[in-house]
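Some structures are shown below for you to check.
Presented sequentially are two complexes of chain A, the first with chain B as partner and the second with chain C.
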Partner chain A sequence: MTSTRQIVEILRRELLIERRAGEVITIVVPFAALALALAPLALPVDTDVLPRIGPALYWLIALLFGLQATMRSASQESEVSELEAMAGVDPAVRFAGRSLAAAVLVFGVLVALAPLMVVLYAPAPVPGWPAIIPSALLLAAGLGMLGVLAGDLTAGLRQRSALAPLLAVPLGVPLLMGSAQGFDYLARGAGILTWTLLLLATDLVLAIVGVVTARHLQEAKL
Partner chain B sequence: MPLVSLSNIVVARSGTTILDGIDLDIESGEIVGVSGSNGSGKTTLLRTMATLVPPNAGNGTVLEARLGTPDIYRVRPLIGLAGHQATLVPELTLGENLRHFARLAGIDQDLVPEVLEVVGLADAAGLAAARCSNGMKRRTDLARLWMSSCRLLLLDEPEAGLDDDAVAIVDALIKRCVARGGGAVVVSHDAGALHGRCSRTREMKDGLLQ
Partner chain C sequence: MKGQSKLNRASQWLALAATVAVGAGLALAFTSPPDALQGNFVRILYLHVPAAWLAFLAFGVTALGSVLWLVTRKPRWDRLAHSSAEIGVVFTAVTLLTGMIWGRPVWGVFWSWGDARMASTALMFFIYVGYLGLRRAIPDPDVRAKRSAVLGAIAVVQIPLVYFSVYLWRGLHQLPSIRPDGPTMDASMLTAFLVNLVAFNLLYVALLSARYRLAFVEQTQPGPVAGTAVTKPRLEGAVDG
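And now, the complex of A and B:
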């Protein structure tokens, strides 16, 4: 019960910080939207390729900029890690709280970009599209944990801002495949269970790695 | 059982030995002063006692928790640490910072207005920490320590950046902790500032306690 309260408290703090600083809303989301809007300019204008590549670009940009949103969350860590430690918060609880907050921010990025993708790329209507929402939630959870892990692994390094995404993006490939392929299968009227299970399995692995390494990784940066 | 018992503690970072065989026992009711020049290892000693820095060699217990073991998570809420810099989230107000800490540590958050009053910041509760002076931030740190029932108080240069009124709060904080059966360690580069406040003092030089 205490751990749950601490997770909720860390989540609340992170979202309050974002509301005050507005880094994801005013920087990450506009840049992601710009990337989504500029991509068609690199393609021949007389092709009908846009509706077909739109969803794929959406998931790719969501992965890259979603991770950027989690890095913002991780960037606060050094200032609050000591406070959390001295309050008696277990490192695994700190990992869970921060990952959850990062996941909320990633999901926010996904939600903000979705209408823009529909407007810019006009993909063919996908019957039963709400079935992709669980996949989007699993993607957000996975990216949240991945961002926090990468932030912890590179804590204290001078090249952190470059190293953390370099480390996280390749590990995010199963998440990208699970969400992008899942949506593609859904659009073709096929089942997406396999891809949802891939996302779930990736999230489980990240959660186990995060909890098991939390003490070592988070104590090392105090 | 002493509050703190350190035996031949060695701490090294990046190939540099910072603490080189520290022996120190602190009993309940004691106020120990540690003086020393910059870079002598005072802050690392304090952070080792706060369980934030695991020793590379030697044995130590703090509030009966062995250093370097998971026992330390149990005792951390009973340790009050105030470092050079106040530990605050810049985007939160002073009041929010204290309520956040209280909720994390399981302390009654209704104490926040009272402790802000004690440290003279009742009118500044709604100010963002990022907009406050260093003195105000350090007073907020003292408020955090005031509302926690710590048994071991670890103060790093407690007078830095504080006016006379705030220094009196530091003294009251130490007395309060000792009256509860706890103990305190005060670290300062100025040995003179420790006399009169501490029951005994030690000098730190090149990672060794003299």
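And now, the complex of A and C:
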């Protein structure tokens, strides 16, 4: 079986597990939606500020809950990982397949939250908003890889639920800046190429790190 | 036994040298002339800048130890990486705190989000707090060394990002005062600054040496602590399932 075929199979398996468990759809997305809905209650009564901060909150919540979605995938992983290692699947291939699956889940979270943000915060219409879609895809890919890396670093640990986000969130800041600032520039009618390139560069670094360290992390399973 | 005694004596001399050097550095920091614009607040920078340099140095050594561990698998490199990361986190905290104390009178705010150097330093702090948290969470020494070596090698990308942030995103932070075309500060201030820099480097070596020896004892004599009152719950609580 070729590496590409293995990646596709791992992607399919991960998404199948999520379809059966439905954890992202039934828990992560509703919790993220709740966070988006509750944020205005913590702000002053002056609601004029909401349309301006809505998109920023959206990207922030996407980062935090998107990572949560990727952790779900990593938490059910130990036995499957052993089986695949025994079957001779390259750790780098496993990283690629799992990251792709995590990216699909993060993109799902982004898509689910977007209309809610528009309804709750009523931001000013952004002409040419579809230009942000590539940025959202790059954000999802980056968060997917970051989540898998953080999941592997904390695999099997009881403190994982707090430790994995502590490791992943600071490293995910370039992704947050790339997407949030890109959207802001788009809203102001400016070009977003610099921010898209920042997202792309971060994704490339994460991909290289993930592939290079995959074998070490595979060996370091508890 | 004789070698151990020599090592202890060398560490004591090192600690003494660091204490004297830091004392001299502080004395110069308090007696150097005030800055034309910042007045006496400039004295904080004699602590702030060397602390920031030490944080970079410490995390650089952590990365080096991590990579060397991945290549050689010798426990000494893991101990070096761990010891240096702890010192780096302390000095990053000192950098952030002294920066905020200096920022209030000079910039008018404790914290400015418009300043990329501050934000990136805070991120670096949290990344290495996570590194230490990860180490503490893993009871098995081999697994701990593997995972933290991977993280220690990755996290080092923060250092150039923090250093070059003042060039990449112009914020409130001033550019370095010592440049290739010559320093931009008065000679007496430069002397105080350089003495503090040397003193902090000595302090780093002394702290690293002490922490490394402690790590060595922790790794080579992993007996129960206080009966098993400390060790047992930690080992039981660390691994899931």
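Throughout what follows, the second predicted complex is superposed on the first by the 218 of 222 C-alpha atoms of A that agree within 3 Å, B and C clash if a C-alpha of one lies under 4 Å from a C-alpha of the other, contacts with A are read in each partner's own complex, and residues count from 1 in each chain.
The rule is simple: a residue touches a chain if its C-beta (ideal position, glycine included) is under 8 Å from a C-beta of that chain, and two chains touch if they have at least 3 such contacts.
None of these values were measured; they are calculated from a predicted model.
Legend: residue contacts after superposition of the two complexes on their common chain; A:A131 is shown touching neither chain B nor chain C. Contact with neither chain B nor chain C is seen for A:I27 once the two complexes are overlaid on the shared chain. Of the two partner chains placed around the shared chain by superposition, chain B is the only one that A:A87 touches, whereas chain C remains out of contact. By the touch criterion defined above, A:R13 reaches chain B but does not reach chain C. Residue contacts after overlaying the shared chain place A:V173 against chain C, while chain B stays out of touching range. Contact with both chain B and chain C is seen for A:E219 once the two complexes are overlaid on the shared chain.
After overlaying the two complexes on the shared chain, residue contacts for A:T154 are found with chain C alone; chain B is out of touch.
With both structures placed on the common chain, the touch criterion links A:V205 to chain C but leaves chain B unconnected. When both complexes are overlaid on chain A, the residue A:L163 reaches chain C alone and has no touch with chain B.
The intersection of chain A residues touching chain B with those touching chain C, taken from the two complexes, comprises 219, 222. Chain C meets chain A in the complex at residues 70, 123-124, 126-127, 129-131, 133-134, 137-138, 140, 142-143, 146-147, 149-151, 153-155, 157, 237-241. Chain B meets chain A in the complex at residues 47, 50, 52-54, 70, 73-74, 76-77, 79-81, 83, 87-92, 96, 100-101, 103-106, 128. Remark: chain A residues 149, 153-154, 156-160, 163, 166-167, 169-171, 173, 205, 209, 213, 216-217, 219-222 touch chain C in the complex.
Chain A makes touch with chain B in their complex at residues 2, 5-6, 9-10, 13, 16-17, 20-21, 76, 79-80, 82-90, 215, 219, 222.
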